[in-house]
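Each of the next two complexes has subunit A plus one other chain: subunit B in the first, subunit C in the second.
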Partner chain A sequence: MNKHTITYRQLFFVIVQTQIGVGILSLPFSLFTIAKIDGWMSLLLAGIFVQFSILAIWKLCERFPQQTIFDILPKIMGGKLGVVFNFLYTLHFLFITVLILILYNNIVSKWIFFQTPGWVIIFTLAMVGVYFISSTPRELARFFMLVTPLLLVLFFFILYAYTDVHFLYILPMGETGFLTILKGSKDAVISLLGFDAALVFLAYTNGTSTKKLKVISFASLCVTLFYCFIIFTTYIFFNPMEIVIVPEPVLYMLKAFSFKIIERTDLIFLSLWVVSVATSFIGYLFVTVKGVQKILSLKHHKKAAPYLGIVVGIIATIPSSKLETLMWSKYIGMTSLILSVFSPILLLLLAAIRNKKEKEVISS
Partner chain B sequence: MTFFKKPKKLIKENDQNKVSDTSCELESNVYEPPQTIEDLLKKVREPFSSTEDLRTHWVELASDKRKIALLFIDSIVDKQIIQQQILNPLFEMSKEIDTISFEKVISLDLKKQTDFTKSQELLLLSNTLIFTDDPSCYYSVVTPEKVDRDFTEPENEKVIRGSHEGFIENISSNVALIRKRLKSPKLLVKYFKLGKETHTVVAMIYVENLANPSHVKEVEKRLTSIEADAVMTPGNVEESIEDKPFSPFPQMLSTERPDRVAANLMEGRIALVYDSSPTVNVVPVDFFVFYQSPDDYNTRWILGSFFRFIRLFSFFIAISLPSFYIAIVSFHFEVIPSALVLLMKSSLENIPYPPLFEAMLMELTIELIREASVRLHTKIGSTIAIVGGLVIGDSIVKAGLVSNLMIIVVAVTAIAAYIVPSNEMSGAIRLLRFPLMLAAATLGFLGIVFCFMILFFHLCRLYSFGTPYFAPIAPFHFSDLKDTFFRMPFWKMNTRPKNIRPIKESQDNQTRKWDTDE
Partner chain C sequence: MNQKGLILFCSLFLLSGCWDQSLLSETKLISAGGIDYENDGKVISTVAVPQAIAAESGEENVANQIFSTSGFTARQSRLKLDREVSERLDASKNLVLVFGEKTAKKDIYLLLDVFYRDPKSSLNAKLAITKGKASDVISTKFEETTSSIGVGEYLRDIIRSAEESATVPEENIQSICPLLFDPGQDFALPYLVPRKDVVDVEGIALFSGHKMAGTITGPDAVIYVLLTGEKSTISMATTKKILKGQKENILNYASIKIKKNKRDFKVNVSSDGKISAHIDLKTKVVVTEYPSDKLGDEKVLKKLEKNLSRVMTKDATKIIKQLQEMNSDPFGVGRKVMAFHYPTWKKIKWSEEYPKINFTASVDVEIIGHGIIE
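For the complex of A and B:
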C-alpha cells in the first residue's frame, strides 16, 4: 500500500487549507485602499483569473502524471536550466512561507502578545511546521480535512455581524470604475495564492484527470466566495470612512461583539485563525521541502525538514520595522504573481511547443 | 533433529542450533532410542536436571510383572485425574493388558507419542507421560491442575447492565468464554509460544470470514518475530508488536471483558489471549474503540449516544481544562465576562504562585492520591481519598497556596480523565495535559492551539496494524460515525467499520420487519 497518495477529495481540502491563510484579516483593508467599496468585485475578478492559472497547472501536471513541478521543470527546460529553475521555484516557495511567518507574527504581536519577542512566535510555528512536514501527503491531507470544520466556525462568527449591518454602505456599486477594480484584483490574486500547491500535490492525487480539475477549481471557488463573503460583510459593517482606520477590519468587527460567556470574540477567532495560517504555512513548507529534496537529491524529504524550518524562521525574523514588512510582502507578492500565476501558463505553452509529454506509469 | 525442537515458528533455523548447542550430549542427528525403560527415563529427565517436583511413579502390573512408569511434574498436574484416568483403569484391566486395549481404555486424552524430542514440552504443559516397556513410543495424557478463580467481573471495567463475567488467568477458560459467545465454526484460534524459557502461550483469535487476512498476517508476523527469553506479561507483547512505541496513545485495546472482545471480533478485529493473564488485547483498533463500553449497547440508543458525547467531551476537558484556565488567568482574562474577572481576581489576589505552579501542584497531588489508593486495600483506599481529597483540598485553599477556582478546575479535570472506559487511554490523557499546561503558560491560547494541532496530527499519522488510528474522522468515513460519536440503534448498524476493512462489510441487522409503519 502506497502511503503517499491522496484521493481527489482530500486534494480539495489541501488546496482550501493552503489558500485560506493570513489574508483573511487584512485583505478587506488592503483591497479597500485600492478599489474602495468595490474591493469585493476585485476579489471575484481575481477568482476568475486564478481559474486560468489553475487550468494551466492542471494541464501541465496532466502532461506529466505523478510528477511534481520539480520533476517537470528539468524535463521541459532541459537539464541545466531545469536545475536553475528548480532552485528558483524552491526559493520562491521558501519566501512565501517566510512571508506567511512574517505576516502571522505581525498580527499576533499586535493583537495577542505585545511584548513577546517576535522570534519566539515565529519559531513556534516554524517548529510545528517541521513536525508536520516530516510526514506524507496523505497524513497532511487527513489533518487538513480534520481542521476544515473550523472554517465553518469562523464563518458563523462573521455571520453574527449581520445583526448590525447597513447594506447601503456598499452603494454605489462599480463607482470606482473597471480599471481600479482590475488594479485591485492584483492584490486579491496574491491573497488567493495557495492553489499553486497543486503543482506538487497533484502528483500524489489519485483519480481521473477531470475530477482533479473539478476539485481544484471548486476549492478555489469556495475560497474566493468565502473571502468575498468576509470582505462584503466588513464593508457593510463599517462605513467607508471607518475602514480606512482599521487595518484588520474582521478583528475590529468581532471585538465589538460580546456574548454572555465570551467577552472578546476576536481572541477566539484569532486562535482558530492561527490554525488556518498554520495549514497554509505547512502546505507551502511541504512544497518547499519537496523542492529541497529534489535539488539535493535526498532519499526522503524528512532529513531536510529541520534545517528548512530553522532557515525559514531565521529569515522571517529579519524584517524589523513595519516598512520593511511592507517591502517584503510587496516583492514576494510580485514574484508570486510571476512564478505562481503566470509562469504555469508559460510553462504549459513551452511544454506544448516542445511537445514534452509522458505516459502515466502505473505503479503497483 | 534436536531434543529441543518444537513445532513453533518463532525460532529461526540458525537460532535452533544456538539453543541446542547448550545441551550437546542430547544433540545428535542420528538419535538412537535407548533400549531400557530406565535409560529412556533418564534421557527424558536430563534437561530438567535435578528439579524435585518432576516425579516418576512406577506401576507394576500384577499379571506379568511388567513395569510401567508415569512421569509428571508434581506441581502442575491434578493427581486426582491421574488416579482416576490412568491408575484406576490400569489396575482394573491389568490382567489382559496389551497395547491396543491400553490405548482404548485409559483416557480420552491419551496420545501415542513417538517423538521423544517433544517430551520436555509435554511435561511442561501439565501432561503425564506413560512409559511402557516398548522403547519406541510413549503415551501422554493431559492432566492439568485446575485452580482457577471464578469469572468475576473485572474491577476496572464495571458495567451497569450486561454480562458480569470477566476473563481469568487461564488461557483455555478465556478462549472458552469467547467461544461461548461466538458459537461459530468460523472462529479460529491459533496458538503461539513466546519466550525461549517461559513458553508463554498466546492465542490469536479471529473470525475467519470477517477479519482481513492482511491484518491476520501482520499480527502473525509481528508475534513470530518476538525473540526473547521471557515474555511474561501482555505488556511485553504489546510493546513488541505495536506500531509506534513512542506514542502516548495505546494502540491495542486491553480489556478483561469477554463481551467486549466478542463484539470486537464480530467487527473483524483480532484478539490476543495470553496465558496467565486476564487481559486480552484487541487489534487493530482506532481511537474511538476506547470510548465504547458494553453498557452503551444495553441502554436505550439515545441515552447511549448521550454517554458517548459525554465521554468524548471528557477527552477535551481532561486534556485542556487546566491549560485553558492557565491561559485565561495569565494572558487572556479579557475573554471571560467582566463579572467573572472580578471573582477570579479576588480569589487569585492572595496566591503567591504563578498559575502554572498552582496547577502543577494540584495535578501532582491528585496523581499522588491516585497512585497511593491503587495499591491499597479498599478500606484504607477510601481513607486516603478522604484525607487527600477533602483535607488537602480544603486546607490548601485556606492556607492560601492554591485558589478556589483552581481546585474546581483540577477536580473536574480529574473526574473527566477517569470517564474513559479504558485505563490505558485514561493514562495517556492524564499525561498529555502536562505539556499542554506548559504550553498554555508560555504562549496562552496560541500554545494550546499549537499543542492541539500537534496532538491531532499525531493521531492522524498514527496507525494500528496498518489501519489509521483516528478513523473515522481522519480519514473521514461518514457511515462509521454511527458507532463513534453516536450509538445508533441496532437496526441502523448495518455495516461494520470500514476502517479495519473486514471481508464482509454488511452486518445484516434486519430487525423490526414486523413494524410496517416504518
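For the complex of A and C:
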C-alpha cells in the first residue's frame, strides 16, 4: 500500500485539527463586536454555510479522484489559466499560514513571553512546521490524531468556568435581529476555515465517497459545536459590557481560576493551545507546499519545505503593531472567504458546465 | 543517525534559552496592596512584602516590609515604588487588595484598570474596603501578623473565614468585573475595621455602580448573604432575638446554623409598567443555642420556627429597604428586568427606577435539628 494515503477516519482528525486553531481565543470577542450576545447564533449559522462549501469541495474532488486542487485547477481552467490559478491558490494558502504565525506571535508575546523577540517565537513554530511537512500525509494524520485528546483537556478547562457564570447575560435572545446575526456569521465562517484543507487531503483519502463526505461534515459539525460551546460560555461568564474590552475572553476567563497546584490556568491552557495552533499551521503549510511542488514541478515536496518555512517566517515578522495585524487579518480573511468558501462552489459549477470529469484509477 | 544525534544535542542548547525569566531572588513579591486617594487627588499605593527571617529556634519569622508612594495614577505610584525598592516588585502573587472607604466612594474602576490590564496580575486576589485608610491596614503591625504570617496572608485568612461564616459574599478582583460593567447588577465587598491589634470584618460595603454607597454590618450581613442565594457555607450561622421580656435577657435569643438555603427570586412587570420583585427564602436550620430548651415539644418547636421566620423576614425587609435607599442592586433585579422584560428595560432609567420598585422578601425557617439535647 502507498504510504501517502490516509484512511477516512484519519481525515476527520486532519480536518478538525486544521479547523481549530488561533481563532479559538479571540472568536468570542470578534463575534461579539458585531452580533452582540447573539454571536453564538452567528456561529451556528456559519456552520450551516460552511456545509455548502464542504459539499462543493467534496463533489469537486469526487469528479477528480486522487487529485489535489492544484491538479484539478488546470484541468478545469485549461493550461495557462490553470497555472495562474494554481499560483493564486498557493499564495492564498501561504498567506493563511503567515496569518496564523502573526496571530500566534501576537498572543504568545502578549500573554507569556514579554521579552522574547517576535521572530524567535515565529521561527520556532515555522521550524516545527517544516519538520512536519517533510513527512507523508499519513504521518501527519497520525500526529493530528495523537494530539486530539488535548482538545478534551481544553474542553474541561472551559467547563470549569461554569462555577461562576450568569445565565441571564445571554438574555434577551435574538434582540439584535436576524440581519446582524447574519453579518456576524461572516467572521464566524472565517474562524471555521480549515475545512478547505480537504481540497488537498481528500486526494490522499481512502474509502467510499459518501464516507468521506460524512467524515468532513462530521468534523465541521464537531468544531462548530465546540466553538459554540466556548462562545456561549464566555458570553455567560463576562458581562456584555465587559467583553468589549477583553479581546481574548477565553484566556482572561481562565486567568481568574486557580487551583491548589495550578495557579495560572491560562498558561496551561495556552501551552495546550499552542499544539492546536501548530496543527492548523502544519495543515495549511502542507497544502501550501503541495502547491509549490506543483508550480515548480518538483519530484518531492520535501525540497521546498525549508525555503517555504523561511519565506513564511520572514513575511510573518513584517507587521509590527496591533493595527497592522488587524489589517492583515482583515484582508486575508476576505481572500479566504472568496477562495476557500465561495470559489469551490464556482469551480464545481464550471466543472459541471464544461463537463470535466475523470474516472478513478484503481490502484492497489 | 549520528547527524540526528548532533542536531538533538545542539537543540538542547538552542531551545532552552529564556528571555522571559523572572528569578525569585531578583523580585520582591507583594502580598498585600492598599490604595488611597490623597486630599489633592493623588493616588497612594501601599504594599506589604513579607520577608522570611530565620529565627534561632528554627522557626521562620516573617517581617513585613512596607513601602508607600504617591502618584497621579495607580500605575505611576507603583512605578515610583519600584524605583524605591532594591529589587523588582512583583504583584503576581498578591493576595489582598484594600481600598480606603473614602477612595471607594469615588470610582474604583479607575484604580482597578491596571489590575485587569496586566497579564501577570493576580485576578483572584481578595478585595476589601476598610474604614479609614487602606495604608493603615497594610502597615499596622497586628497581633497575628507579627508572629508568623505576613499581612497579606492574615487579611486573606480573615476574609476567607468571614466568607465561611457567610458574613461576606465570596468575591475577588475578577468576579466583580462583570458586575462593575453590568448596568443591572451591583456587588458588595468585605468591610474591614482596624482595631488596636486586630482587624475586624465588620460586614459588607455595598456598591452602586462603580462607587461605594454604604455598609451593612453585624448579623444583618448574614441575612444579606442568604438573600444573595448562597446555598450554604461551612459555618453559616446567626443569632436572633426572638422574644421580649424574658427573665434573663439571654433567654430572648436563639442561635441557628443554616444547613440549606433555597432562594426563589421573582421579578414581575405589571401591564402598566410597574416593576415588583420578591425574594422568598426557604432555609433549613439547626438550632445551636436555645437556653429555654424544651425543643422536644412540637408546639415549642413550631413556635420557634414561626418566631425565627418572623424576625428574619423583618430583617430581610429592612436590608432590602436599605439597599434601595443606597441605590445598590446586588441581587440583580435590573438584570432580570433586562433579560425577561427587555422592552420595559429600554424605556426606563434603572438608577432612577430601582429605589421606587416594590421589593419584598420573606423567609421561611424550618428547623431540622437541634444539637444533641432537646
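Following the convention adopted for this analysis, the second predicted complex is superposed on the first by the 364 of 364 C-alpha atoms of A that agree within 3 Å, B and C clash if a C-alpha of one lies under 4 Å from a C-alpha of the other, contacts with A are read in each partner's own complex, and residues count from 1 in each chain.
To be clear about the criterion, a residue touches a chain if its C-beta (ideal position, glycine included) is under 8 Å from a C-beta of that chain, and two chains touch if they have at least 3 such contacts.
Remember, it's a predicted structure, so these values are computed and weren't measured experimentally.
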Check: Does subunit B (first) or subunit C (second) touch A:I112, or do both, or does neither?
Finding: both
Check: Of the two partner chains, subunit B (first) and subunit C (second), which one does A:D164 touch, if any: first, second, both, or neither?
Finding: second
Check: For subunit A, which side has the bigger count of touched residues, subunit B or subunit C?
Finding: B
Checklist line | Touching partner for A:E175 - first (subunit B), second (subunit C), both, neither | finding: second
Item checked: Touched partner set for A:E139, first subunit B, second subunit C, both or neither -> first
Check: Which of the two partners, first being subunit B and second being subunit C, lies in contact with A:V274: first, second, both, or neither?
Finding: first
Next item on the list: Please work out whether A:F257 is in contact with subunit B alone, subunit C alone, both, or neither, and reply first, second, both or neither.
Entry: second
Next item on the list: Would you sort A:M241 into first (subunit B), second (subunit C), both or neither based on which partner it touches?
Entry: second
Notebook entry, point to check: Of the two partner chains, subunit B (first) and subunit C (second), which one does A:Y131 touch, if any: first, second, both, or neither?
Noted result: first
Checklist line | Overlapping contact positions on subunit A, where the subunit C interface meets the subunit B interface | finding: 112-113, 116, 120, 124, 258
Note to self: Show me the residue ranges of subunit B that touch subunit A in the complex, using the header's touch definition.
What the structure shows: 331-332, 334-338, 443-450, 453-454, 456-457, 460-461, 466, 468, 470, 473-476
Check: subunit C touches which residues of subunit A in the complex?
Finding: 110-117, 120, 124, 164, 166, 168-169, 171-172, 175, 237-242, 255-258
Note to self: Looking at the complex, which residues from subunit A come into contact with subunit B?
What the structure shows: 1, 10, 108, 112-113, 116, 120-121, 124-125, 128, 131-132, 135-136, 139, 142-143, 145-147, 258, 260-264, 267-268, 270-272, 274-275, 278
Note to self: So in the complex, the part of subunit C that touches subunit A is made up of which residues?
What the structure shows: 15, 19-20, 119, 123-124, 172, 174-175, 177-183, 332, 335-336, 338-340, 342
